[in-house]
C-alpha cells in the first residue's frame, strides 16, 4: 500500500495545488495533504484558515486527508506511514530547488521517495505569492483559485 | 499604432535598462517607460528620483515618455492605451520568472502581449541590485551606469 | 513603420506557430512569415507545400504575407525592409539557442532587433518534430494542427 | 490498483535505469519496464538483446515485468492497463524535454499521469550514449552498468 | 605562480565547501579561503566562529590559508596578490548567478579570472542554508558537515 | 606544477576558443591545447588543418603546446601528465552537458579536476557550428574568427 504526502504552506491553496492533489490521489492508495505550520515566515492566513480552505475543496476526494504538520517533512512522513513525497513542478528554477530538497530528504530518509508531477499548462504561472500580490492590487484571480478562497482573500486583504 | 510600456523599479536605471528602452523605442510607435511606485519593498531612491534619473537620460528619444505608475501593470497599460509590455531578458532564471509574469498578465488581460528583448552581451551581468551592492563597496561602476546616476549613487550612499 | 519577419521551417505549421504569427501581426505594421528553404536537412513537406499550408491558414490576416527565403535570415530581412525578427519561446533549452541566434544575428546586422513572444500555455509542448513523430504513430494531433495540416500529414505519411 | 510503465530504449540498460526501476517498483502495485522497439534510430543492441539484458537484472523484483513495445507509449499504456508513466530526471535539459513529452502524452491521453523520479546523485552523469561512447574508447564503466551488460558491451564492440 | 581565492560566508562550512577547497588547493600554488564579514545579512555564526570552524578543518592542507575579508572580493584579491577566484557550481540557478558575478568581477578587475569547480555529486544538495534549516528541525546532518561543525550547530541552535 | 589540457574538435578554432586558451594559460604552468581526432563525426577541416589553424594563432604564448589526441581525454591527460581539464562555459545547456562530462571524467579518473572558465560576453554566441553555418551562407564572421581561419573557411567552402 502506497501512502503519499503532498506538503506545502498553501497560503492560500490555488487551483494549481488542487490539480496536483487530485491527480496524485489517483495514483496512490492514500494521500495526505500536509499544511506546514511554517514558523519561519509570515503567512497571510493562519494555519487553521489554510487547513480549512484546502480541506473544504478536497472533501469530495475519498482517499485524501488534509492535516497540518510541524518540523521536518521526513519525520512527519514517517509518523503517518507515508513512503512517498509528492511535489508539483512548474519551471526550471523550481526544478533546481526541488531536486535539492528531494536529495536532502533522501539523505535524511532513504526509505522515502520523492515523485514530481508536472503542473498542468493552464496553471504553470500560478503561485500563492503571485496570487496574493495580484489580489492585493485588485487583479482578477477568479479563474486561478476556488471561489471560497477568492472570498477569503478579499475579506483578509480588506482588513489589512 | 502600437504603444508599448517598459516597466520596472529602476532603482537606479542602468545602461542595461537604457539599452532596452532605446532599442524598444525603435520598434514601436510610442514607448512609455513606467517607473513602479513599488510600495512592497524599500528602494534606495525615491520615486521622484528614479523618474528623474531615467527621464534625463531618455529625453533625447522623441517617442519615449517616462511616467510613474501604481497598482497592476496591466491596469496601467490599459489606461495609457498600450497593447504591448516590453521586458529585457538576461539569463535563464530571468526567463522563468518573466514567463510566469507574462502568462499571468495574459490571464488578466488577454489583449496585452509581452515581448522580450535580449539584453546586449556587455550588459548581461548588470542589475540594479548588483550595481548598488558594488557601489556601496566603492567598486568601479562607471561603465555600467550613466554619469548622472553614478553621481547620484555616490551622493546617496555617502548619506547612509 | 515596423516591419517584422517570423521565420521557420514550418514542416508543417502547427497551431503554436499560428498563435505566434497572429499575435505578432497585432504588434507590427507588417509581418512576413518566411518559410526557410532549409537545404541542410530533410523536410517531410516540400517548400511549396510548407508555404501553401501556412498561407491558407493566415490568408485572413491582412498585414501578414507568407513568403519563402533562402540564405541568411538577416540578409532576407534587409531585402524586404524588415527591422525586427520575431521568435516564439517555449522552454529553457529554446531560450539558450534562441539567445545565441539573436546575438549572432545582432553581430551580423546591428540594425535588426530580435523580439521573443512567449508561447501560449496550451502550445508549450508542440513542435513540428513531435507532431510528425506522433502522427506517424497514429496519435491524435487534431487539437494541435489546423485541419488542412492534419489531412496533409495523413496523406503524406500514408505515402512513405 | 496503480499500474505504472517505465519506458525507454535501454541501449543498454545502466545502473541509473535500474535504480529508477527498482525505486518505482516500490511505489506502485505493478511496474512494466517497456523496451521501445525504436525503429527511428539505430541501436547498438537488438530489441531482443536489450530486453534480455534488463530482464535478467530485474528478475528478482516480484512486481516488475519487462516487455517490449512498438508505437505510441500512451497506446501501449492503455493496452496493459497502466495509469502512470514513470520517468527519471537527471538535469535541466532533461526536464525541458521530459516536460514537453509529459504534456504531449497528457494531451493524447488525459487519463495517464507522468511522474518523475529524481536520479540518485551517483548516477546523474550516466546515459546509455555516454556509456557506449566511453566503452568504445576502452574507458572503465564497471561501476556504471551491471557486470552482464559490461560483458555484452565488450563483446558487441569487439565485433564492430 | 598562481594564487587563488575561494570566498564565501561559510555560515557554517559544509563538507561541500571543504571538498571544493581541498580540490582547488591541488590546482594552485596557494589557496586563500576567504570568509566574508558579510555585513549585509545576519549570520548564525560570528565572523570569528566561521573562520575558526573552517580553519580547523583545513589546517592539514599546507598551501591553504584561511582569512577573513571585508569589502569587494576583487579588491581583496588584489591585496593578497591572487589572480584567480575559485567558485563551486552545483545547479543551474547557481550557474546564472555565478556567471553574473564572474562577469561583474571581470568588469571591475580584468586581470582576475574566475574558475568554476563542479560540486561532487554527493554534495549537490548541500548549502549552508539548508544545513541550518534541517539542523534547527533536529534533522540528521552528520554526513554533511564535519563533526566539529555539527557540535557547534547543536550548541548554537540550543541557545536561540 | 599544474599542467592543464583544453580539448576540443576546433573545427575550426574561433576567437572564443582562443580567448579561453589564452586566459587558461595564465592560470596554469603549462596548457596543452588538444585537438580531438574525432572519428565519430565528420569535420570540415582535417585533423592536420585544425591543428595548424590553432597552432599558428597560439604560437606566441610560451606555455601553450598544441597537440592532437585520440581516444579518451582522461587517458591522454594521464599520458601528458596533466592534472586539470579546462572547459569554457557559455550557456545553461552547455552547463548540463559539461557537468555530465566532468562527472564522468571524475568517475574514470579521480585524480583529474575539471575547471570551467566563463566565456567572455562578446563570444557567448559563437560556436564552430554556427560559424560554419553562417560562413556557408556568406555571412560576415570577420570579428569572430582569426583572419587566417576566415581565409581557410572561404577556401574550404568554395571547394564544396
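Going by the order they are written in, the chains are A, B, C, D, E and F; count residues from 1 in each one.
Everything that follows uses one rule, which is that a residue touches a chain if its C-beta (ideal position, glycine included) is under 8 Å from a C-beta of that chain, and two chains touch if they have at least 3 such contacts.
Everything quoted here is computed from the prediction, not taken from an experiment.
Path length between subunit D and subunit F in the touching-chain graph (shortest route): 1. The interface formed by D-F recurs in C-D: of the pairs listed in A-D, B-C or C-D, only this one shares over half of its residue-numbered contact pairs with it.
Between the Cα centres of subunit A and subunit F there is a gap of 47 Å.
Rounded to a whole number, the gap between the C-alpha centres of subunit B and subunit E is 34 angstrom.
Once the centre of each chain is set as its mean CA position, subunit A and subunit C turn out to be 38 Å apart.
Under the contact definition stated at the top, the residues of subunit D that touch 2 or more other chains are 92-93, 95-96, 99, 102-103, 121, 124-125. The chain pairs satisfying the stated touch condition come to A-B, A-C, A-D, A-E, B-C, B-E, B-F, C-D, C-F, D-E, D-F, E-F. Within the complex formed with subunit E, the residues of subunit A that make contact are 40, 71-72, 74-75, 92-93, 95-97, 99-104, 107-108.
Chain contact summary for the complex, subunit B toward subunit E: residues 90-94, 124-127, 130, 133-134, 137-140, 143-144.
By the touch rule above, subunit A contacts subunit C in their complex via residues 92, 121-122, 124-125. Those residues of subunit E that touch subunit F in the complex are listed here as 2, 23, 26-28, 83-84, 89, 92, 95-96, 99, 102-103, 106, 113-118, 120-121.
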